[in-house]
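Letters are used for the chains, namely A, B, C, D and E, taken in the order the chains are written, and counting of residues starts over at 1 for each.
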Amino acid sequence: MEQVKHSHPNYIGIWVALAVLTAVELGVAFLPWSKTTLILLLIGLALWKALLVALYFMHLRFEPNRLRILAIAPLPLAVILVTAVITEYFW
Amino acid sequence: MSWLLPPHASSYAADIDWLYYLILIITGIAFLVVQIGLVWFIIKYRARPNGKALYTHGFAKAEWIWTSVTAVVVVVIGLLSAGVWDRIKGRDSIPPGAIPIGIHGKQFEWHISYPGADGQLGTGDDLSIRNQLHLPLNKPVVATLTSEDAIHSFFIPAFRIKQDAVPGMTIRVWFQPTDTGTFELACAELCGLGHYRMRAVVTVHAEAEYQRWLDERGRAAAASPTALLQR
Amino acid sequence: MASTAAVVHEPALEHAHADDRPFIRKYIFSTDHKIIGIQFLLMSLFFLLIGGMLAMVIRWQLGFPGRAMPGGGVLPETMAPGGIVLPEFYNSLVTMHGTFMVFFAIMPLLVGVFGNYLIPLKIGAPDMAFPRINMASFWIAVPAGLIMLAGFFVEGGHAAAGWTGYAPLSANPELTGVSLGQQLWCVSLIILGLSSIMGSFNYITTIINMRAPGMIWFRLPLSIWALFITAILVLLAMPILSGALIMLLFDQTLGTHFFLPAQGGQPLLWQHLFWFFGHPEVYILILPAMGMVSDIIANGSRKPIFGYTSMVLAIIAIGALGWGVWGHHMFMSGMNPTLGTGFMISTLLISVPSAIKTFNWMGTMWGGNIRFHVPMLHAVAFVSMFVIGGLSGVFMATTPVDIYIHDTYFIVAHLHYVLFGGSLFAIFAAVTFWYPKMFGRLMNPLWGKVHFWLTFIFFNAVFFPMHGLGAQGHMRRIYDPTEYEFLAPLQGVNRMITISAFLLFTAQIIFLVNFIAGWFKGAKAGPNPWQDNGLEWATPSPPPHGNFPVTPHVYRGPYEFSSPLAVDDDYLPQSRKLETDREPAVLPAGD
Amino acid sequence: MRVAFGIVLALTAFGCGGDNGGASDQPAAGQEGGGAIAPAGGGTITGTVSFTGTPPANPTIDMSEEPACAQKHAGGARDPQVVVNDGKLANVFVFVKSGLPAGQTYPVPSSAAMLDQDGCLYEPRNFGVMVGQQLEIKNSDPVLHNIKAVPTKNRGFNISQPTEGMTTRRTFNTEEIGVPLECNVHGWMKASVTVLNHPFFASTGNDGTFTIRGLPAGTYEIEARHEKLGTRTQSVTVPQDGTATADITFGAAAS
Amino acid sequence: MAHAHALTHDDVMRPPAGREPGSGVYNEKLGMWVFLGSEVMFFTSLIGAYIILRFGHPEKWAPPGEVLNVPVTAVNTFLLICSSVTMVKAFASAQDGNQRALRSWLLATVLIGASFVGVQVYEYAELVHKGFVPSEGLYGSTFFTMTGFHGFHVTVGVLCMMFVTWRAFQGKYTATDHRGVEVIGLYWHFVDLVWIILFTIVYLI
């Protein structure tokens, strides 16, 4: 079962996408919009880039489901910690 | 040493004691069930010469019973306590007209400041005394807890009140003494080598006597400022 | 069911091939999970002894405040001039007793020793997935222990801010006079965190990928399920502690302001980070004990475990819910009271899986044919003591009652009932149970029973009255209780606890002697002295390097005691193939 | 069996490897020179520090929660910040600030400087020690005192003395003016120690007089420091084997 | 070693043979993904603390670009993205068994990675020179801790990458066995992913 030259995902395409998204982020960061919209937009762009890296560069798209679950398992814990401690301020 | 809680001397201490005894009964029953069950099983099912164990992987029905019983008991305890917790520490639990008393914890002593005639803390006429908390009977008091260096914990066992004083935060907590007499105030959070010495005396006077004490100490302080104020 | 089940296939037990590695590679820098397990065992017993001795000094000071400790003269003048323990040294003692016991005794004993020793053997793997990283994990834990020990000898004394190291007391050296000691405390725990993380991703990979054919998830022994969920808790909790410790270390050295309120830092942030690690940590300290006790109680009762699936689900539930309860350590810490209500509910819910496990252990013993070998004695004591610990936990989970008993001796009683009454009894059971597999000889059962009964009695004499002390409002971590009039009547109890504690400590010498003497004078143990079903009992004692000459195949669950299929004896090992058993569906190119 | 034995060997070898750097508070041995301070010269500076105007009233100390100390102060404790006896000011620390021959090193006295805690007050309140000289702190109260030094140049310490009669020795190893000492259990307890690398300093007693001996001839600038009233400097010329007098006055307002 | 024969050698790039089906990937890849889980939690504690502290005292943070040098770090971010691309190209050539391409892509990744660390050190020197130090306040404390530990992880990544490159030059990675390249690639992409998040929430918000 010799692995013949199998298809690679379009890495250059992903590269360009990441570069463009970074440029967009830079542009958006200095716009005079309200603080919250800026933060939400920037975090959204960052998560999009992170997703691209995870899916295509780290091949999560082509891995069995069990590994994908294992890969994203710790994220809810991060969300629990930060949201719980932030409610500290709403008192 | 009695297993019961020491006599209480504040308004919501009765609720706390009641909850404590409720849980003591529930856990006491569970304790007896388990321990007696264990001893009984040990004696009844000990190995006999050609004894044979029962080959079973368990009964789902039994599992459902003790799971749901535990869950129900636990939820009931939770609901009962949530009410009491909200009354003691909820957002608007501090009764109106409570006397503000400044409790400033610092490494190894409590500086307790009483509002002067204007009844407001932080105004010029405050009276600050070291390690002595004097309170009027049956009047709600709101302790404004601040700390200068480490985390201290304002703990009066007789009033069943405990609240950490965190540096950088001002935490308000209320209680209402219901018995006259002297009680002890201790620090319940490790705050350094003198943590065990942060003892203050709490004296609850009748209303009139409290006022007389406050005026007398106010006059004495006005005559010659105490060392503490000249930080 | 065909009753005449002849034994067909038994993995060959011939003597393993000659092992030609030099002494150093074989015993000191060994990559064999069994040797690493034994190395962890010896290291953590050493630190258990140190933690115990610190406890004796604490109890002396509480029992006889201000009086010179017999033999205290040996201590330097900064700790106990003339044998009289100083308050700052007392705070260091309390801190280091907690730190050594939690991080360097109980955790390595459960996760380091039995995780390493049992996982490959019980799932039929030759060794861990990454043997060299496994060796590195031990050899990083040793310097962490030495750095922690070195802290006693530095100027200013050792860390004195509690094993929880609350900021700003731990972050501002001026408040305790301890600077280098606290920094060594942080560095040592960061290094130990690294060692634990290396261990945990090794365990997780081994359990997921290297289970022998037929060892499907629901045939895993409960000890392995517990170690698996514990490894995940270690994997995800230790880095949080490392991050928090790094920030604390920077606060002390680089002058950063994470936890110092003067510049906007948040003392509560440390408590949130510490307890977000802290509560999974205490489940790390109890889950492996629960798993091994399940194995031992099933073996002792000669009866399958009661409700295997619900036991597995309970372990998973405890592991998952463990992440959502940390706030119950902070009800009184100035945390937002609405969070308090939320954490109360999640904490009360997490008592349900523990209750399930307790009733299942009792269900296992019900209808059993119980053999009271020493591990079984400890295991039953575990159940009995853990129940007391669990029940006293309900008092603290309810926020109003916690207002009164937080930071009192009620909490100290609770934590010792679950940690000493729970984990340590389970460790005594597990060490005695797997000792023949580790060293090829049995520990003396008579001395084992003497040690058990002395420990059981003195343990209760020491820690049960502490519930009463807590109910009377006796604060924890105070150097001299006679300062308070309301504690004066309790001083008699403190003296009684101190005397019982000294007797409890001396009783442990019996275990130590029995443990060491067993290497030389213990009765020879065959491969399966307890007649258990686990795969490890199908190998010689001690198993050769590589464990299984032929990878075993698994045909049934781990608890098939008194099975109607096995006619002559009351146990049925997992790897014994009966005629009625089908070969497990093995991946192609199997051997 | 060799399995376990080998590992124990390794572990014990590592086990006792923990380094044991000695705690630095052991008495700094070998530093002091000849017995008494060998006087570098015969000159002496004496003087009295006086106080003009009405001294501010010392604040009272509320020792009601510390009975063991309260009984040592008959008429109610006062914080002796400004102690004036018929015009003479006590607790003033006078030292030679400049004018000493450069490069001259002075032997560290073998006798320890004494600091006592009596009646929950420091005695003396404003004194000096030489670099490397032992400072012996004694607790004459049956209550816990902790001594916290928060210097900037030296290494601080925070030690406790829970029982009466306890003594602890500490040394300072760099020169520093006015190291604050405080007790956290009794917030009003304050003292100040100045660390110098020469022995030419003295504190005024209740009669406001001070004497600095053993000075070689020359003109020196001396400084007088008081915890509340600030500092005064004065230059003094000391003849060979003679005595110079330097009288310093402090007014009500801190200059 | 002696016990290895129990592990059949036919294809190391697939889950261990003769075992119960586990995660569906070979041990080293599963081990790396599990390890990255712990790294996620490590950065959670650092970034979580930053978010919590900033939420509490927003006034202690300067608006983007005022103190921190955004243009230089934007280029640095692009550098790290390029190094991710060269890494994944190296992995692709390892899969195809093209030794020469593997070596050159690995070398490129090492060089770009090292230059990222270089730029970061330069940026730190610039900031410290300007007086922005960890003890400056919350802003300095959180910035230096987060980006410092990320830089540390990148440095460790570059060192491991050098080791993998050295082994590649010895022809150790064939089409059937290039686990080292894939595993170090996973770590590298993870470090890049963390930087992408860090760059946005530290520099641009």
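Rule of thumb we're sticking to: a residue touches a chain if its C-beta (ideal position, glycine included) is under 8 Å from a C-beta of that chain, and two chains touch if they have at least 3 such contacts.
The model shown is predicted, which means the values in this text are computed figures rather than measured ones.
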| item | value |
| --- | --- |
| Fewest hops from subunit A to subunit B - one hop per pair of touching chains | 2 |
| Chain hops separating subunit D from subunit B, counting only touching neighbours | 1 |
| Chain pair with more C-beta contacts, A-C versus A-E | A-E |
| Taking each chain's C-alpha mean as its centre, the one farthest from subunit D | A |
| Core chain by centroid distance, with centroids computed from Cα atoms only | C |
| Centroid distance [mean C-alpha coordinates] between subunit C and subunit B, Å | 32 |
| Whole-Å gap between the CA centroids of subunit C and subunit D | 51 |
| Between subunit E and subunit B, distance of the C-alpha-averaged centres to the nearest whole Å | 49 |
| Length of the line joining the C-alpha centres of subunit A and subunit D, rounded to whole Å | 62 |
| Subunit B, residues touching no fewer than two other chains | 91, 107, 192-194, 197, 199 |
| Touching two or more other chains - residues of subunit A | 73-74, 77, 81, 85, 88, 91 |
| Subunit C residues counted as touching two or more neighbouring chains | 86-88, 175-177, 236, 240, 265-266, 268-269, 272-273, 337-338, 479-480 |
| Touch relationships between chains, expressed as pairs | A-C, A-E, B-C, B-D, C-D, C-E |
| Complex contacts: residues of subunit C adjacent to subunit A | 236, 240, 268-269, 272-273, 276, 323-324, 327, 335-339 |
| Subunit C to subunit D touching residues, read off their complex | 23, 26-28, 35, 38-39, 42-43, 46, 66, 76-78, 81, 84, 86-88, 142, 146, 149-150, 153-156, 173-177, 439-440, 479-480, 519-520, 542 |
| Of subunit B, residues touching subunit D in the complex | 106-109, 111, 129-132, 192-194, 197, 199-201, 224-230 |
| Subunit D - residues contacting subunit B, complex | 57, 59-62, 64-65, 79, 81, 144, 146, 158, 160, 184-188 |
| In the complex, subunit C residues that touch subunit B | 86-88, 91, 94, 160-162, 166, 168-169, 172, 175-177, 261-262, 265-268, 301-308, 310, 332-334, 337-338, 340-341, 344-345, 348-349, 351-352, 355-356, 358-360, 362-363, 365-372, 380, 383-384, 387-388, 391-392, 394-395, 397-401, 403-404, 406-408, 465, 467-469, 471-473, 475-481, 483-486, 489-490, 492-493, 561-564, 570 |
